[in-house]
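Two complexes follow with subunit A in common, the first pairing it with subunit B and the second with subunit C.
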Partner chain A sequence: MRRGARIALIIAQRAFDSVTRSRALLALATGYTFAILGFAWASRGGGYLALSMNLLTPLEVLVPLVAVAVGYRSILDDRLRGELDVLGSYPLAGRTYVLGTFLGRAAALLVVVVVPLVIAMGTVLLFRIERISVLATHATADSPIVYLRMVVLTAAFALVALAIAIGISALSASSRGGLAVAVVTALALVIGLDLGVVAGLAADVVPADVLDVLLAASPLSAYRGLVFELAVGSVAPRAVSGGIDPVAACGSLTLWAVGSLSIAADTVFR
Partner chain B sequence: MNSDGTDDTSVLELRDVRKSFGDVTVLDGVTLRAAADSVTCLLGPNGSGKTTLLSIVAGLLDADGGSVERRDDTGRVVGYLPQRPAFRSRFTVQETIEFYGRLVPAEVDVDGILARVGLDGVADRRVEHLSGGMTRLLGLAQATVGSPSLLVLDEPASGLDPQLRRHIASVIADLATDGTAVIVATHDLVATDRIADEVRILDSGSFVASGSPDALRAETGTDSLDDVLDTVIERDETIGVRSGIGGGDG
Partner chain C sequence: MRVNVVLAGLAVVLASASLAFAVSPADTATAQPVAFSDTLTTGMTGVDIRQADVGGYEIPRAEVFYSQYQYIVGYYGIEAALGALDRDATTQQFGHPLAIYVTDFADAGVDLTDDGLLTVTSDPEVDWVEAGEAFFVVDSAARTPGGPAIVPFDDRASAARFADRYGGTVRRWDELDARETGSTGERVRTQVEQRGAWADRAVKKREDLLDRPVSATVGENVSTLAAAVRTAEENSTIRLPPGTYHANLTSEKSVTIRGAGDRTRLVGDGTGTVLTLRGERTALSNLSIAGVGTNNTGEPSNASVANGSWDETVRTVYGYGDAAVVLDGAKRSLLSDVTIETPASGAIVRESDGTVIRDAEVDGTDTWQDGFMGVLAMNSRIVIQNSTFTGGRDAVYTHDADGLVVRNNRMRGMRFGVHEMFTSRTVVANNTVAGTNIGIVVMTRPKSNAVVGNRVSDSGVGISMSGSSSAVLGNVVTGNRYGMDLGSQRSTYEHNLVYGNDVGLRTGTIVPTNEVTDNDIIENDRYVTTGRGPVRVWSGNYWGAIPGRDRDGDGTIERSFRPTGIVDSAVSRSAGAATLARSPAVVMLRQFETAVPGLRAADVIDDRPRAESAQSGLSPSNATVGDGGVSP
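Right, the complex of A and B next:
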């Protein structure tokens, strides 16, 4: 294994240990799990499609919040303690440190986000009224694949939100500033960019024919659109569309993640 | 002696280093050389530029002008102890040094490092349960990980009791062996007298005196480093050289 990759894994292990030894993560995971299971309970008996639809909106709000909570102090705390200065005296590149931090925190975040979603599948298995739900055509049978696709997309969305949180953490100089920027960013992720596009559309600033691409620029819209296009939309009537270009949405999420981590790598030891 | 004025024992060469923060000049033409197996103590009032100088020496801050050359013959060039070392909580002393040890190419003897600073008895203690002095010792242990040829220590004993200060001073003296140069910013004049091969007095961003403790006492006709400081810095002020500039604590 190359030295850079080995060092990134060492940083990742420490980042994972740091976050998993924290009681705050346990509290966060508990709250998130109860929320997800609560929404799943409310949609019991409806099948995987109904479960996916009912969880989508809560996930749009909860996942960015959980990701920001897991990531926003990751680099900021090292800076405030002066540990970044100490790390700067080791043969350690900024990109290696940021990548390791991301990988370690991502592992913890994925456990927190994905495990309750998998458990929520149990509500379908336990309370299902019909074994197979048929919607409009013979090609639209309800299936766990639908739900698992949404879980995978949710995991990807969580990773993108974490990357953004780590970028903010690297740019923050103070605890209070980091929290403020993290909250503003979480709000921007959840509603801000979408509202901006809607406002632009209402004011005729945004042409309707590029709406699918513009919506894809917002991580939240990209996630929601991909869920509709690739998960729910595969079995739902045609009217259920993401309203986005899936390629643009994937590109947008990738850009957000890579861009945020690149900014963090470039600024962390400055 | 090499053609550039250095010799083979030279671990660090700073020439005419300048640094400003906005309109405030913190370092103004500082030249410094550190030789292997030596301890150089930087003395000076708060705000004289010691911490800024150490940050530049450690490679954490870029100088605005001048040159900085460090001997680059190991995986880790500079070991750095910040003024207020702090470590990630929920990890033990052993885990902390093991982590840093895995960042350097060479094999690291974690037990040996902890024994050298006197922390071998608390290896399993979590860092948040260490006293201030023990945390400083852990910082010192961390600075030595990877056997860097240059150690930069920023006030390693400030705020500690006399016994611990003596212990840290003897650890520092012990570190200046096997080709290692140690540069220490300190206000501890007793320790300076004990361990310094060379004393550099920094005031308002420039060195105003340098030499061994004995040489400085002889030059100023005083009996203690305390009096040397008073004399040198007072003399500097009376001839109207910069005063009251500098940033941070150092």
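Right, the complex of A and C next:
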């Protein structure tokens, strides 16, 4: 087991190096950072709650895109360069290889995703409205806790999206095919699954009263629901809170991650 | 870079961030009572508070800590807090209350004056107690200058003792109910009708004064006006044929002095007041007055007027300047068809309820700094209508003149058109004001004032409100620097046309509780400017052509409009802004903008902007509003 972990770390280092060497990642990180800080700047003057709500939708769109971009070539590149065949000749379990790749890419992805969010937190402090000095103030329900919770949930969501991207990467065989699948995956994640639920509702296949559980099936909705339920909803008015079963949502996200990585582990050396 | 270092670092960061799930955000909000002077105060009128302050009376108060508003809102009167907490708009704007504190009179040695006003023997002992733990005495003899008071105590025994002595019952916080019912707009509408009907009756009754038998005709059976006043019988008419009469006299009688039009000229000697009328039911009609002294302020000859009341300075200084006519204690009097030329005030009306001033013409100074008020109404519930004011300082200045009605007047070229101080329950309707610093201005925190169907143009500010529970309905403000100043609380702004001003509306108070709906705010250089404070959510105004569409044809544009927003505020200046507004980036940003308004920076959002004008048939050129009514 310890040997497996060591090998996984070696693989992870390899994956991390290959992604951090890429200029494309730098460009992606810069674009994402600009977007996040731009949205944060536009909502300056408000509190953490306002910032969390303003960032939620941009994150829903941007995080899957960044995750897919970071992950979709991971296994595919090894396959195209023939390195997968070489690795396959070592006594290396598919599981270890996929886990290592996931960890390496995840390290890069999380730095890209989380660091701008932490910087964005600074805008709340930096652009705080000057208080009227003669009046007493109190802490209100607004609190950095809300924002921190959202950051943690966003990191978890990024990992799930990355796992899906790696799963896709293991299944694709050519560069062009890989790109196409990546695009489709991103679209499915951002729009497709939720649209599926909507279609289900329209066709009466999905009864509305199980929506709070079923919605969790879509990772995006699970993430959004969790942010509402656990972060924003804990202090915001009822109008924006809840709507999802947190257990179902966590289960669904775990299932998507473990499932995708398992498929990758199963298929990578075939 | 070593991946395990990065992973370990990330693990540490995320693990410590995950601690956020272990603490409840609500726990971090601490709410300890603060000095009342440090809160944003609201509730009760400026007059009530000043009276309590000067008299040394206590007003039960409440402090509310709202979950989404960083400032603590202080309420004068437990009723005010109850009313606010009862309104949905309050929770929508500020969130739910995290903590409510009320004043605790338990150990303060509370007592009532003969008038039922609350006093305490030990002021520092008036403490704060959490509302949920307090005991409230309701329906007792206790009152504040503003009305009945609910008195809180921190223990049942003290409350019961108080109730034994002064009546009333002991209740808990959740057993109290908010008495305020119906919207401000509705209540003020009813009031506008009632005040209008009262004014109609007053005007009609005062006409009788013009039908009194003639007992003296100056120049015929008596030689001078002074002699005529001296000899005239009560309830008779003194006739003044055309000519110039030297005045500067005082009448104590209930007589009617009636001229033959502008050719009957009463001329003062250029010092002091021309005519002082002290008799009830005195009338002055159909003549012109000139030769008024130049002192804008003065002092009363009768020292008893200075009685140490809260407004002594205003009453004694402002109320005793030079004027063409002074009505002093002349209740139910009439000034009609009088033309006045004055370097100081036109008419000063003191303690003269029921007086009517109609069809007057007051010509003041060219620069307002030199002159004074057209009509100065002090402690007098009067009607001023169909009159014309030119120049001078303020056309109509009121001090503590609750219930006064100012309608159908024309005012041009002065500092303020109508200037209300410490005056509640007034109706200012259908006046036309132009070329002023402020057309109609309400100051000093009164309540229930109605500003209806006026038309203000070419002024610094069209209409400027303060106080609470007031209504600004169906006015037209055009070509001003600022159309309206919304400095009031819990007031309604409805069916106004705000057209072609530099800035349409300006928000005032940092406790946004006004209802702004069904107004047309069009063709202004800027829609709205905001002062400090959080986001104000308004509803259903017409902003001209704005981004978004009315897909379902219900008259409402589906997209909310931010008249102060970076993109939306540019819509009136460039068509490009409408295109930019459709960008996904902007759409994303706007998603939750109406959520948690109390925690966002100063801004205005109309969550249901109208697709079409709210004033059917009302255009800037032909605005008409029914006489005394509240249409459209």
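The working rule: the second predicted complex is superposed on the first by the 257 of 270 C-alpha atoms of A that agree within 3 Å, B and C clash if a C-alpha of one lies under 4 Å from a C-alpha of the other, contacts with A are read in each partner's own complex, and residues count from 1 in each chain.
Following the convention adopted for this analysis, a residue touches a chain if its C-beta (ideal position, glycine included) is under 8 Å from a C-beta of that chain, and two chains touch if they have at least 3 such contacts.
Model, not experiment: these values are computed from the prediction.
Asker: Does subunit B (first) or subunit C (second) touch A:18, or do both, or does neither?
Answerer: first
Asker: Looking at the overlay, does A:58 come into contact with subunit B only (first), subunit C only (second), both, or neither?
Answerer: Only subunit C is touched by A:58; subunit B is not.
Asker: Residues of subunit A touched by subunit B versus by subunit C: which partner has the larger set?
Answerer: Ranking subunit B and subunit C by residues of subunit A touched puts C first.
Asker: Check the residue A:47 against both partner chains and state whether it touches subunit B (first), subunit C (second), both, or neither.
Answerer: It touches subunit C, and subunit B stays clear.
Asker: For A:85 in the superposed arrangement: first (subunit B), second (subunit C), both or neither?
Answerer: first
Asker: Between subunit B (first) and subunit C (second), which does A:7 come into contact with in this model arrangement: first, second, both, or neither?
Answerer: A:7 contacts subunit B only, not subunit C.
Asker: By the touch definition above, which subunit A residues appear in both interfaces, subunit B in one complex and subunit C in the other?
Answerer: Touching subunit B in the first complex and subunit C in the second, residues 17 of subunit A appear in both lists.
Asker: For subunit A, which residues are in contact with subunit C within the complex?
Answerer: Subunit A reaches subunit C through residues 9, 12-13, 15-17, 20, 38-39, 42-47, 49-50, 53-54, 56-58, 61, 103-104, 106-108, 110-111, 114, 129, 131-132, 134-146, 148-149, 151-152, 155, 230, 234-237, 239-240.
Asker: Considering the complex alone, what residue numbers of subunit A touch subunit B?
Answerer: Result: residues 3, 7, 10, 14, 17-18, 21-22, 77-78, 81-83, 85-92 of subunit A touch subunit B.
Asker: Touching residues of subunit B toward subunit A in the complex: what are they?
Answerer: Result: residues 55, 58-60, 75-80, 82-88, 90-91, 99-100, 102-105, 139, 142-143, 146, 148, 152 of subunit B touch subunit A.
Asker: Taking the touch rule as given, give the residues of subunit C at its contact with subunit A in the complex, in rising order.
Answerer: Those in contact with subunit A are residues 1-4, 6-7, 10, 13-14, 17-18, 20-21, 23-26, 28-31, 34-35, 38-40, 65-72, 91-92, 95-96, 98, 510, 532, 566, 585, 588-589, 591-592, 595-596, 598-602.
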